[in-house]
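Consider the two complexes below, in which chain A is the common component and chain B and chain C are the respective partners.
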Partner chain A sequence: MRYVYLAKSDLDALIQHLKKSHRVIAPVKKENLFILAEVQGAGEIALKYIPTILPPKKYFFPPVEKLGSFKMGDEKMNSVNMETQPTVLFGLHTCDIDGIECLETVFHYHPADPYYKKRRKSLVLIGYECMFPCDEYATCVTMDTHNPKAGYDIMITDAGDKYIIHMNSEIGEKLIGTCLAVSRTGNDADIKFELRRLREEKIKKFKTILDTEYTEIHDLFKQSYKAPAWKDVGKRCVSCGNCTTVCPTCYCFDIQDEVELNMETGERKRIWDSCQLEEFATVAGGENFREERSERQRHRYYRKFCYSIDKYNKFFCTGCGRCTRACVADIKLYETLNQLKKETNNV
Partner chain B sequence: MSDKKKVRIAFFDFADCEGCQLQLTYLNLNFLGLLEHCEIVNFREAMSEASDEYDLVFVEGSIMRPHDEERVKKIRSIAKILVAYGACACTGGVNGLRRRFTDDEAKEIVYKDRPWTIEAGWPRPVHEVVKVDYYIHGCPTNNDETVKAVKSILLGKGYTPPDYSVCIECKFKENVCLFEKGQVCMGPVTRAGCGAWCTSSLNTCYGCRGLLSNPAEEGHMEILAKHGYTIDTLKQKFDLYNMCRLEAEKNG
Partner chain C sequence: MCSADRINPLSELVAVDPLYSPMEGTILKTKQMTAHEKFFEIRLEGGKELGHLPGQFVIFSLFGIGEAPISVSSSPTKKDKSTFEVVTRKVGVFTAAMHKLEPGDKIGVRGPFGRPFPIDDLKGNDLLFVAGGLGIVPLRSLIQFVMDKRRDFGEVTILLGCREPKDRLFTNEIEEWGRMTDINYACTVDRADPEWKGNVGVITTLIPGVDIDLKRTYAVVVGPPIMYKFVIAELLKKGLSGDQIVISLERRMKCGLGKCGHCQINGKYTCQDGPTFIYSELKTLEEAL
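After this line comes the complex of A and B, so read on.
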């Protein structure tokens, strides 16, 4: 049995159950937006939310992460004693679960990243299915991330008067299996049918705002390298780096060493970096491979829609819409893609 | 370390409020840690002794009058390394606003009915007068950055401040963007390194660390204009800490 029910009034009972063994992280309100933060009970959770300012990647790959320590003069760095805590990420949107799948692909690609690997092992993912579109900026339907598919341990779906809980992994089954609040009155086949009907209904509320189909996006980019759209985007961009910082799949980082006040020992850290920053593609001797803002923006889009397909056969855009919401210059991902489509049609 | 010769550090101030030097007195334990490796020989803010033998010099304030110019040149000739410390020294800071006026206008505004005036001078960041080796920006400077920079300079690696926008550090803290709240912010074109100090404390970014080396001024003007700000307000926002540089660029 992999599908069970939970009464809506028992959500806090579930959270308290999870808290016995795990720290629980969930979306909470911050002014008019949302962030992922630790919660003590269901009352603090904002289940109806638009994507959080930073995506869940901050728990897999923190903005600043200690990699090790060193002593001046030593040849080798000492590995870090990394402490992780069993943690549940609760209420993740399906687009963010897809984003985690992208990180999975990258950080487990040979050679696997040991820091990511260790953090990943301590994290349990509990999704909350989106029954409504977030806002006018999300492109999840085109990117096919609006329905739960894979990559989560537990998925919660709002079925009107109750929640449907899908256990999708061993840890998911273990956590729910010991939870007294759930009801095991249904059978898997019936609940699956119920979910199918819910999804047929919910899709009617979602609009597609991209003029290109999922299957055509890669081809579009193959023809768009010299498109005028990049100049337009470059002209408006101020290289603030918001789009990459908030992206659930951007994973570029810089490595910095800093000594302690004793001037003898120090720490090595990795810090999120961004391809939008002037210094990012500058190499020794001062040559900059992407000097223009238009080149840097184009690079970002190609990393999401073209190079990632070539290398991993996966889009690295989840359609969450964060880059569009966070852009101070109002550069909208869907507008750029629609402009590219128009421009290739005109050729 | 004790048998090693300690680096002799001196602080000098020119046209400024001395607020950046005052920041150093809040360093507490970090200050004591640094004193293991260096000796402070000139620091008007916190000691009365003074010496003219020093290796590493922190110059605070803008250079205004001819005798300031002479003084900073003499300091430069003694110092092995010179650090421009704080906004007034790095970019001219708010003193740059003086460049909007002629000598007479400035005196009229400041001294108006008083029977005496003193020389007004012409505000310049330190590098317009003598060679500067390193910069520690900010109004005031941020102690975390100062400690980081000093350690790095003492190690012989020097210090390069970030050349990316405050937005990077602001997003790390998951602040709700000020533009989202209908406020105006200089963050997107201002050099980071402060840890988004003001924007994380219910304030806005005034641009005290100066513009990025290659800011998208037009793009940012467009953003601000879209939020309903007039060209005049925009100019004031940019001028507050960047007047010296913007004026120099305008005059080629």
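After this line comes the complex of A and C, so read on.
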């Protein structure tokens, strides 16, 4: 059995069960927004939430990662002791699970990243299916990330009076298999049918705000490199880097040395960086290969919708809408894409 | 700071072998070549061969200062395989620190990285090397390679350009090669000094006068970003096709592993897909030149 039921009143029992072996991280309300934070019980969890300020990537690829430690004057780096602990990321939206899939692709791509792999091993992903659109900025339906597909250990779907739980991995089955709160009264075929019916109903509540179909996006970008839209976006952008920080699939980084005050030892670190910052592509001689804001914004969009398809055959936009929500200059991803569509139609 | 950093009774410490760990290199020889450029000969720990091919680069490391990508300037065909050579220009914090190093000092080395020059394609053909400024540094690796395997290649022409006569690098070496085997060599400077008796003008002025067999010539061009457009236009005018022009591009390679994003040219990572490119590959890479 890979599908079971859970009574809504038993959600806390499930959390307490998970807590026996894992730290549980879940969406929590913070002022009028949401963050991912450690919880002690179901009461703290905000199950109905718009995407958290930062995506779950910080648990896979932290803002600062120690690569190794060194003694000044040495040439070789000592290996680092990384602290990991069994952690459940609970209540992830399907768009964020797709974002994690993107990180999986990048960090497992040769040469595979040992830091990422070690962290990944300690993480269990429990999704919570969106039955309603989160707000007017998400483009998940066009990006086809609004339904659970893969990449999770357990998926929870609200089926009205109860939850449906789908176990999608060995660890998922182990965790649910030992949970006394779940009910094994259904059979897989019936529950799968029930899920299909729920998804047919839910899609009626979602609107698509992009004028381009999923299958057309890559072609749109192949034709849009010189589109006027980039100038418009460039004029508004202030190069703050918010869009890349909150993006679930942005992974660019800088490598920096941090020396202790004793000037004898230090650590080499990998730190989140942003292609939107002015000096990102500047070489030591002073040449900046992406000097204009319009070029940097275009680069960000192309990394999401074009280059990633060419290299990994995968869109690196999950449609979560975070870049739009976080933009201080009111640059909206769906507006940019719709403008590109208009401009290529006019050519 | 994410909560993953907090200590928890469930947590465990796992050792991670550092992916970015440098090898230990020892500086054997240095030479101040010009006011800004310094030559280094480096030996890896235990005399281990670097294992590079012409066109590749290494990432040097000095703890507390950081890392910098630098082209290898010697050929793997060099007699003493236990060392390799580089030339760096003092332009930033890292190279300023590196220039203080002298024989006996140590430096961290990662690599080699990147796609080398397409040596198999070049074999059996005539070669036209065009080097502007520091471009001779990575190109020297290939020129030495060709000189060491001279019978595998046809006619060799070297065009060298730099700002002023005092900026010239490896000119004695090039003249020496010219004495050992037949190569055509021309040099030009943007601005002459009183002693200069050679050509004056940008490097493109040398190209029309070069006698090449269009059917069997590859041009290999390395120089500052501004140079490529003009030199390539001149080579195309001469009749070479985009498939016959090889270049090497400079970008800010940080990780060398195709991840960090700094060296990206459109969808390509210079550290893995480059730094050498065939000109015809760049048609879809608007950011390249």
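Methods note: the second predicted complex is superposed on the first by the 347 of 347 C-alpha atoms of A that agree within 3 Å, B and C clash if a C-alpha of one lies under 4 Å from a C-alpha of the other, contacts with A are read in each partner's own complex, and residues count from 1 in each chain.
Everything that follows uses one rule, which is that a residue touches a chain if its C-beta (ideal position, glycine included) is under 8 Å from a C-beta of that chain, and two chains touch if they have at least 3 such contacts.
These numbers were taken from a predicted model, which means no experiment stands behind them.
Chemist: Taking the superposition on A as described, I'd like to know which of chain B and chain C A:48 touches: first, second, both or neither.
Modeler: Neither partner.
Chemist: One more residue to check, A:329. First (chain B), second (chain C), both or neither?
Modeler: So A:329 only meets chain B here.
Chemist: For A:31, decide between first (touching chain B), second (touching chain C), both and neither.
Modeler: first
Chemist: Scan A:259 for contacts with chain B and chain C and give back first, second, both or neither.
Modeler: In the superposition, A:259 touches chain B and chain C alike.
Chemist: Return first, second, both or neither, reflecting whether A:63 touches chain B, chain C, both chains, or no partner chain.
Modeler: Both chain B and chain C are touched by A:63.
Chemist: Can A:174 be said to touch chain B (first), chain C (second), both, or neither?
Modeler: neither
Chemist: Considering only the touch criterion stated at the top, classify A:272 as touching first (chain B), second (chain C), both, or neither.
Modeler: first
Chemist: Per the contact definition in the header, classify A:283: touching chain B only (first), chain C only (second), both, or neither.
Modeler: Only chain C; A:283 stays clear of chain B.
Chemist: Where on chain A do the contacts with chain B and the contacts with chain C coincide?
Modeler: 63-64, 259, 263
Chemist: Okay, in this complex, where on chain B does chain A touch?
Modeler: 1, 30, 33-34, 36-37, 147-148, 151, 154-155, 163-165, 167-168, 171-172, 174-177, 179-181, 187-189, 212-216, 218-220, 222-223, 226
Chemist: Which chain C residues qualify as touching chain A in the complex?
Modeler: 1-5, 7-8, 10-25, 61, 63-68, 89, 91-92, 94-95, 106-109, 224-225, 250-252, 254-255, 257-262, 264-267, 286-287
Chemist: Per the contact definition, I'd like the list of chain A residues that touch chain B in the complex.
Modeler: 30-33, 35, 52-54, 63-64, 235-242, 245-246, 258-259, 261-263, 272, 274, 277-279, 293, 326, 328-330
Chemist: Using the touch definition from the top, list the residues of chain A that touch chain C in their complex.
Modeler: On the chain A side, the touching residues are 21-23, 25, 37-38, 58-59, 62-64, 67-68, 70-87, 106-107, 109, 111, 113-115, 118, 225, 251-257, 259, 263, 266, 268, 273, 275, 280-287, 289-290, 295, 299, 302, 306-307, 310-311.
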